[in-house]
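This is the structure I want to talk about, given as structure tokens.
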Amino acid sequence: MRKDLVWLFAGILFFGLLYLLNWGVKAISTDLLVWIGAFLSLAIFSFLYQDNPFYKFAEHLFVGVSAAYWMCMGFWNTLVPNLIAKLHPPIVKGVLPAIAEKPPEYWYIIPAALGIMFLMRLSPKAPWISRWALAFIVGTTTGLNLVRYLRSDFLGQIKSTLIPVIVVENGSLSVGGSFSNIVIVLGVLCGLIYFFFSKEHKGIFGVASRVGIYILMITFGASFGYTVMARISLLVGRMRFLLGDWMGLLQ
Amino acid sequence: MSFFETIANIDRRVIFLFIGFAVIIPVLLSFSCREEATPIVQSIFDKIESLPEGSKVLMSFDYGPSTVPEVQPMVDAFLRHCCEKNLKIYMMALWGTGHNLISESMEDIIEKEFPHKVYGVDYVNLGYKAGNQGLINVILTDMKKMYTTDARGTEIDAVPMMVDIRNLKSFDLILSLGGGFPGIKEWVLFGGDPGNIPMAGGATAVSAPLLYPYYPRQLLGLLGGIKGAAEYESALIKGYPKFKTYSHPAIDMMGPQTVAHIVIVFFIVIGNITFFIGRKREEGEKREGGVIK
Amino acid sequence: MKAFSYSFTFCCLLGLILLATTDGLAQVESSDSLLSPLLPPSEVIAEDHPGDAGGAIIVRWKLSPDEDRGVTGYEILRSTSPTGEFSSIGFAAAGSNRYIDANTEDSLTYYYKVLAIDVSKNVSESELSSPVRSSAQWFDFHLLNLLIIGGLICGAVIYFIAHAKKGKKLFLRKIAGLEAVDEAIGRATEMGRPILFIPGILDMDDVQTIAGITILGRVAKTIAQYDTKLNVPTSRSIVMSTAMETVKEAYISAGRADAYSEDFVHYVTDEQFGYVAAVDGIMVREKPATCFYIGAFFAESLIMAETGNSIGAIQIAGTAMPAQLPFFVAACDYTLIGEELFAASAYLSGEPKQLGSLKGQDVGKIIAMSAIVIGALLETFFAISGSSFFGSLAELVHKLFSIVAS
Amino acid sequence: MRRQIPLIITFIVGSVLIISVFIPHKPFGQLGENFSVYFDIIAVFAFILGAGNLLRVHGNRIYKKHKDWPYSMVTVAGFTLMMIAGLFKIGGSPGITGDLTEPGSMFEELYMYVFTPLMATMFALLAFYVASASHRAFRAKNKEATVLLLAAFVILLGRTPFGVKLTSWLPDPLSFLEIPNLASWIMSVPNMAGQRAIMVGIALGVISMALRVILGVERTYLGADSD
């Protein structure tokens, strides 16, 4: 018998026993499903110490269950209503009565054909056909993203940087406001200079690119620091489940 | 290995252990630390505090279930404060998901904790209307064009507290809760600014930084994430000690978060101290080495 | 570069003029007339909504002269015949002088009327609009600025790609993360440990994944020359088959078809955290000497990078997710920041054509920087002097960079 | 020829989509949306390849008695169970006509009690990793690292009551130096500037990368590296 499996089974058995024996104890949960959730949570947490049979078990279960989850979602939420029901509505009469009455839309034959082309990878004779579907996907992605990024990230961000570097408020100069705006404008300019590829970062250009790096470092430090609290709140949530819902230690 | 080296190369599992305890212990003890309201939060509290009885407050529920943990505590605190101050509360939603959240908030806070409040006189649910910023644009000049009934289907002029409402300018304060789109930004740009109406809001921690630029001119205050909510809850408890016995989920969340935060800050400080001492020593050794050679 | 600055300025001006002419709102006048019956809105004009796929008509009118005397709003009526029955299609608030009817059939002719309504529910009806039909257009003039700026940048990129073909040598600055690729692969070979490549968690419909896969192709070509195992777990089926194809070709073109194995690339699960759980497992069990994280990442970035760090792997990351960059910068040895990710495959290819495109990107940066400098200066002059000349110039630069949804 | 056709497809699809942004007229206006729908459909077809690969990898391990083969059995079992529960909509009141995530169905129960705790706990590991990463990375090793450290430290402190108290004694004219104010200034000014520079750079990178792909200069993804 393998040692890791012995440990795994012993652990599960122990957990099961605890579950069975807790019937008299008032606080602890009696819900088997909560116990399963608690066991899986602890199994994942155990990875923090080191890899072990419990983590391996939870990880492999997670992979299997979640892969199937997304496949079922794809089947029922995309394939059936957006393809089968469009091509031949009566087929889905049994599952989606509301859609079954609509007239068929035959141009959906195109994605169906592309999907089948993609599967031709498996064919021993013409696997290269799958590249046509792939070329379609890549063409779509690049075409759509080119314009999307140009719009919101290029034009949009530049537009928000068109700000006065001297701020006048109620007729008088606002020192703080002006300083902030100067930092924003110079910060964006220097940041962009840092990204220059085809010019050596030397002289004035080099100085600006150094400033650019510092601005980026402030950005990274600040965003990191800002996120820490949100990450801890996730752990608080898990602990409340373990200590409260499962062990009943919280009122 | 010297003491400093040991600390500098500390096994990360030790840090994990500290973080674990930093969360478990405060959760077990329901430890909460006193949050001091920062000016950006206190100014909202002061504003509501300064409103005379019967003032009209419009609350827009611009969030969905995924951000409920962060935003709901803010809503609850605002509702309690307004009810306590006998302000008239008008609730609406720019988000479809906000509709149910209004009903739930009414049930959980107003109906349960302030049972003497009368629907239609002290508070009203105007429900969700589509249109995003366009909706704000219209109600800036005419409220009843969009809201011909309340969410319960009562004709709008039959709701007593709606009689003297013409448009957004009829309100003394607008509170937008959410932070996504549409949300606080749209309220500022299309409601607060053009109508010159006092505005404040509560946003998720992620979206709050993008709203800071509007404070304090266009937004009189802003609650950012759980921390902002906790600060408001403490301001409320400070002003009205009776709320101490009420639920304060944000403060409860903050306790463990703060302790864990401090542990992280502590480790950063220790890491740097040992790093510098280590480097000094290395330099010293190098120099000595040079002499011997 | 000079030529570009000039042409940029020229195009800016051209665009501004065009933009300035497309959008003119009618000036509104109001006169006081007391105690007379409510006066109707006048000059109702209905036109096809420009720059759309049809199905919408804009109705404009001159406000009722009684606007200040309690007009609460306008009701828009529509009919398909001038004498037929008019039905209400919507309201506009007081003070507004246009309404978009987004529910029209392109084949029908419509007539519009606008009613003014006041506090006491009096109504007064405008004259009939002239007949109008909605139609679809072949060009959306609201996006002219997008076309101009996009055209300039794309033109620059294409120009330098074509230019580079002629074999002109380009200077390119070093990118530390890419310099380290060879060393990282060599190290894995020396240690006899595998190399892990994570192409992000998004599908092929994200351009970062495409960047990740191209870099994988280049990296795999180098790896093929050593006897090192490559492990590419993917979280999307399409990414899996694309990566398989890419790696296989890389091995073939390196002349090492024999060393390629179908097991290099494998699918795990579409679920974000399920995928991370599995990747973490692979890391602690196979102990790769080098980890690449190149593509689109979310919260899982730090979970992977910290686990990778704990096993002592050299880590090279690259992403254009601004929110995840801080974590990679903190936990990895090298990070390709944003734009560098997309430049990486060109760098690694070493082909002049690809490298030329990078020079085109730099022209884009010059455009961005000059726009910011010009715009900020104009805004500043306007703020100080209050002069309407600078005000309107600043406004025009704003328009050039705004995306107006009509 | 086999190499040329995909390149032509990419070129046509990519350029038509770019042009279609400016042409509202049918059928161009809708192309982007339609093609995204196509993508989702192709992705579902591709699941067959993904599932096949997953089962092949774990099947091989079981067959060859790889050292972790019992765990592979767990994956296969979990996959099969969830697949049957989902495809046949087992449990749940209306059966096959109902919603996939109908409360009470086996699919939903597995999601709630197996999937969710695993997901939430995996996510919660971040709290630990964020601590170990900051301990290691936030050190004043050089100038850049010092700037990173300082920015992070001010923001971190600004979010604890301790940090607020630390500087609350500052007189009013210096109130902008109070840590919470400093923190929000960093967030909304230099941080924003950096974010913008990154985003503008990314946009340019995407544009150039997309053009290289559309023009067929970059073709690695097709597995065709050279001409």
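Here the chain labels run A, B, C and D in written order, and each chain numbers its own residues starting at 1.
As a working rule, a residue touches a chain if its C-beta (ideal position, glycine included) is under 8 Å from a C-beta of that chain, and two chains touch if they have at least 3 such contacts.
Keep in mind that what you see is a predicted model, and the values were worked out from it rather than measured.
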Neighbouring chains shared between chain B and chain C, ordered by label: A, D
Far-end chain from chain D, centres as C-alpha averages: B
Chains sharing the largest count of C-beta contacts are A-D
Taking each chain's centre as the mean of its CA atoms, how far is chain A from chain B in angstrom? 25
Approximate Å spacing (C-alpha centroids) for the pair chain C, chain D: 17
Using CA atom averages as chain centres, what separation in Å is found between chain A and chain D? 3
Which whole number of Å gives the spacing of the CA centres of chain B and chain D? 27
Among the residues of chain C, which are close enough to touch at least two other chains? 146, 150, 153-154, 204-205, 207, 210, 238, 241-242, 245, 267-271, 273-274, 277, 285, 306, 322, 325, 327, 329-330, 337-340, 343, 358, 361, 364-365, 368
At least two partner chains per residue is the criterion; list those residues in chain A. 44, 47-48, 56, 58-59, 62-63, 65-67, 69-71, 118, 121, 131, 134, 137-138, 140, 142, 144-147, 149-150, 154, 158, 161, 185, 188, 192, 195, 216, 219-221, 223-224, 226-229, 232, 235, 237
Please list all residues of chain B that touch 2 or more other chains. 12, 16, 19, 23, 209, 227, 260-261, 264
Would you tell me which residues of chain C are touching chain D in their complex? 51-54, 136-140, 143, 146-147, 150, 153-154, 157-158, 161, 203-205, 207, 210-211, 213-214, 217-218, 221, 236-238, 240-242, 245-246, 248-250, 253, 263, 266-274, 276-277, 285, 299, 302-303, 305-307, 309, 320, 322, 325, 327, 329-331, 337-343, 345-346, 349, 351, 353-354, 357-358, 360-361, 364-365, 368
With touch defined as at the start, can you tell me which chain A residues reach chain D in the complex? 2, 5, 33, 36-38, 40-41, 44-45, 47-48, 56-79, 82-83, 94-97, 108, 110-112, 114-116, 118-119, 121-122, 128, 131-140, 142-147, 149-150, 153-154, 157-158, 160-161, 176, 180, 183-188, 190-192, 194-195, 212-229, 231-232, 234-235, 237-238, 241
Contact residues on chain A for chain B in the complex? 48-49, 226, 228-230, 232-233, 235-237, 239-240, 243, 249-251
In their shared complex, chain A is touched by residues of chain C numbered 145-146, 149-150, 153-154, 170-173, 204-207, 210, 238, 241-242, 245, 267-271, 273-275, 277-278, 280-281, 284-285, 322-323, 325-327, 329-330, 337-340, 343, 358-359, 361-362, 364-365, 368-369, 371-373, 375-377, 379-380, 382-384, 394, 397-398, 401-403
Show which residues of chain C lie in contact with chain B when the two form their complex. 72-73, 91, 93-96, 306, 310
